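Report on the structure given below.
We call the chains A, B and C, going by the order they appear; numbering starts again at 1 in every chain.
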Amino acid sequence: MSAVAGRAVLPPVSRGRRRRDLVMRVLLGLGTALALVPLVLVLWYVAKRGLGAWSAHFFTSDPTGNFLGDPGGVKSAIVGTVEIVALATVMAVPLGIGVALYLTEYGRDSRFAKLVRYFVDVMTGVPSIVFGLFVYIVLILSSVGGGYAGWKGSVALALLMLPIVVRSAEVVLLLVPGSLREAALALGAPRWRVVLRVVLPTALPGLVTGTLLAIARAAGETAPLLFTAAIVNGTSFDLGQRMNSLPVQIFNDIGQAQDRLVARAWGAALALVLLVLILTLSARLISRRSRVA
Amino acid sequence: METRVAFQEELQRLQAQALEGLDMVVVTLERTMEALEQQDVELAQMVVQDDDRLDGRYLEVHQGILSLLARQAPVATDLRLVAALLDVIKHVERMGDQCVNIAKLIPLSGHEPPRHRALVETLVEMGRLSGALVQQAGRAFAERDVALAEDLVARDVAVNQLNRECFRLALEAGDDPDAREWAMMMLLAARNLERIGDNAVDIGEQTAFVVTGLFREFTDASRPAVIGPR
Amino acid sequence: MTFTLVRTEEQAGTRSRPQPSQGRRVSVKGLNAWYGSQHAVKGLDLDFEPNRVTAIIGPSGCGKSTLVRCVNRMHEEVPGARVEGAVLLDGQDLYAGDVDVTSVRRAVGMVFQKANPFPTMSVFDNVAAGPRLTGSRGKDLAERVEQSLRAAALWDEVKDRLNKPGTSLSGGQQQRLCIARTLAVEPEVVLMDEPCSALDPLATLRIEELIEELKSRYTIAVVTHNMQQAGRVADSTAFMLAGELVEVGPTEKIFTKPDDERTEQYVTGKFG
């Protein structure tokens, strides 16, 4: 090493290193592009095939069930999805948040809490068709409250949503700083008030996000609804009867020989994707606008 | 919002206590000189006994400063002030002792000593000047007036001159052994008065230290050697 | 049986000296505390004089924070934590079987090391949180909030932005907000666990000045690892080491001529 007057104290980056850096950057970029390609392709394909089927008629009329003539739109499917998922949400979310509250505030590391967590984890891995079958056997074969019904579909979806809600709610609740709980307790508040007035409001944005994501997931599930809500053509507001839904409608239509029906299926698929997209984006917006201090 | 209020109050209180000590010295000096002038043995005795008050004041301020240093960790001007107060109160105690030294001479010089009128008058004048010096030192410190503090040097020169005058007069005391003995004692008194003046100048130096942060001996503030006649 | 609080009414006003109230004496007797198997506080006896500030100093891990958390019964919130012994507030044992924990915490307030205002609440709501969370209903809530903010020397700075989020204040202001929040439940005793360690020097001095004012109405204990702070703020200082109380006495004595050699070593910085 020669000591030249005015030389830099720090040695410059070697050329070999610079080359390796470039190679790695390119590889990572390519890998990312590779991962994105199928995603983009799917979205583009659905959009291309689905947009053609969209029209005012598409959104405002029910499927007619006619093989020939006007096949109708998917109004009942959309309405049905909304109803069934809404009911499922009402069932799953309060229960799920309640379980999460138990796990973070009361049970914590107790044996029972650990057991509950384990079972919730197992449930997240259960295939959705199993929930459908379960409800089919317990509620439909036994003819409790009639045959196929929208609310039974909601039960199946709720079972699906429950572990998702519990998991995400628990994560969010754990993110609430312990110092806030401490401060509230030190003021002399009973624990339930601390949970209700301090913990929940602080975790609220995260809870909403988790709920929206669970809803997005449930909205797209076909298998549970196949066995529980089944399918029907007309728009119905009676959850006690059979009810149509987007995933089932798509499932039905895609197997038909008629091109128009297949096109309708693509249109419905696009509508479903859009619904999920809106829900997910809303979740993102809410979580970005607020943060747990 | 004002901060460290209690600390500032405590600091001001300590300063007030120290400066009060100076006031006490002035009063003590006046009484000492009166006792000297009137050959008042009882007054002289009171002066000696009352010195306990000055010693007590010294301990009070000293302890107060120690406590303040331990608890408040003063810095910058506050620290210089605290250090100066320690020095000032030491001088106060010294000056008290010097008055006591003078007061102790009075009964020793006998009941009706042969007194040289001029010497007594010179001493009284010296006492008056020294007293004024102490008062000025106190004022300079309280007002942080460096110019006034430096002026102390010039005034101390007058005290030193009177000291030399006393020496000269003492030499002319005559051959009477009583007279000579009395003159010796008066010289001792003069020396103590001169020391009081020096202490006052030292306090002036502390004033300059608090304000400027530099400690320097004022010119001519050194101890006078035994000066022969000019 | 709930804990009765007796307090004299103070007038709302600016930072004029409020009327002193008869403070409460806290006596810790034979206190032992554990985290699981770790013995954090060992057989400790300590008195906190009414209307005085007591500082608790000691090296990290000596148990000083654990001690104060036993006084307001927050220690037992930690899983696996255990307490034995008694803490008397004017003679009444806070650990007696029939005492309601929440009323203990109302009577003994705590300010934490890092200011923790509730992020979803405004300045006003933060201070009002105390009364609201403890169920005392809205009578004169606005007045109570103003009084507490005045007592915490924060009113003038926030009176025009009571609706802004509590987290929009500076660090020192947030800590004073937490103090106001604690005062709003009208405690008898205020415990402070290193209240200034996250603040800059000026904010620290302001809070120390505030402590000086507050002691006329409350009994105050301050845990601090900053010895100069103990010197400035405390009437008496207690030195703890490895869970034990080594020495307690007037602050001046502890810092000029402590009795115990270990105290001398610690305050002169030879260890810790």
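What to note about this one:
Throughout what follows, contacts are C-beta pairs under 8 Å (C-beta built on N, C-alpha and C of every residue); 3 or more make two chains touch, one makes a residue touch a chain.
Model, not experiment: these values are computed from the prediction.
Legend note: the chain whose CA centroid lies nearest the centroid of all displayed protein CA atoms is C.
Ranking every chain by how far its Cα centroid lies from the centroid of chain A, the top place goes to B. Put simply, the C-alpha centre of chain A and that of chain C have 47 angstrom between them. Chain B and chain C have centres, each the mean of its CA atoms, that are 51 Å apart. Remark: chain A and chain B have CA centroids separated by 92 Å (rounded to whole angstrom).
Contact residues of chain C toward chain B in the complex are 153, 202, 205-206, 208-209, 212, 228, 231-232, 251-252, 255-256. Taken in their complex, chain B has these residues touching chain C: 1-7, 66-67, 70-73.
On the chain A side of its complex with chain C, the touching residues are 108-109, 177, 179-180, 182-190, 193-194, 197-198, 201-202, 204, 292-293. The touching residues of chain C, when paired with chain A in their complex, are 72, 74, 77, 79, 102-107, 109-110, 112, 114, 116, 118-120, 129-130, 132-135, 167, 178, 181-182, 185.
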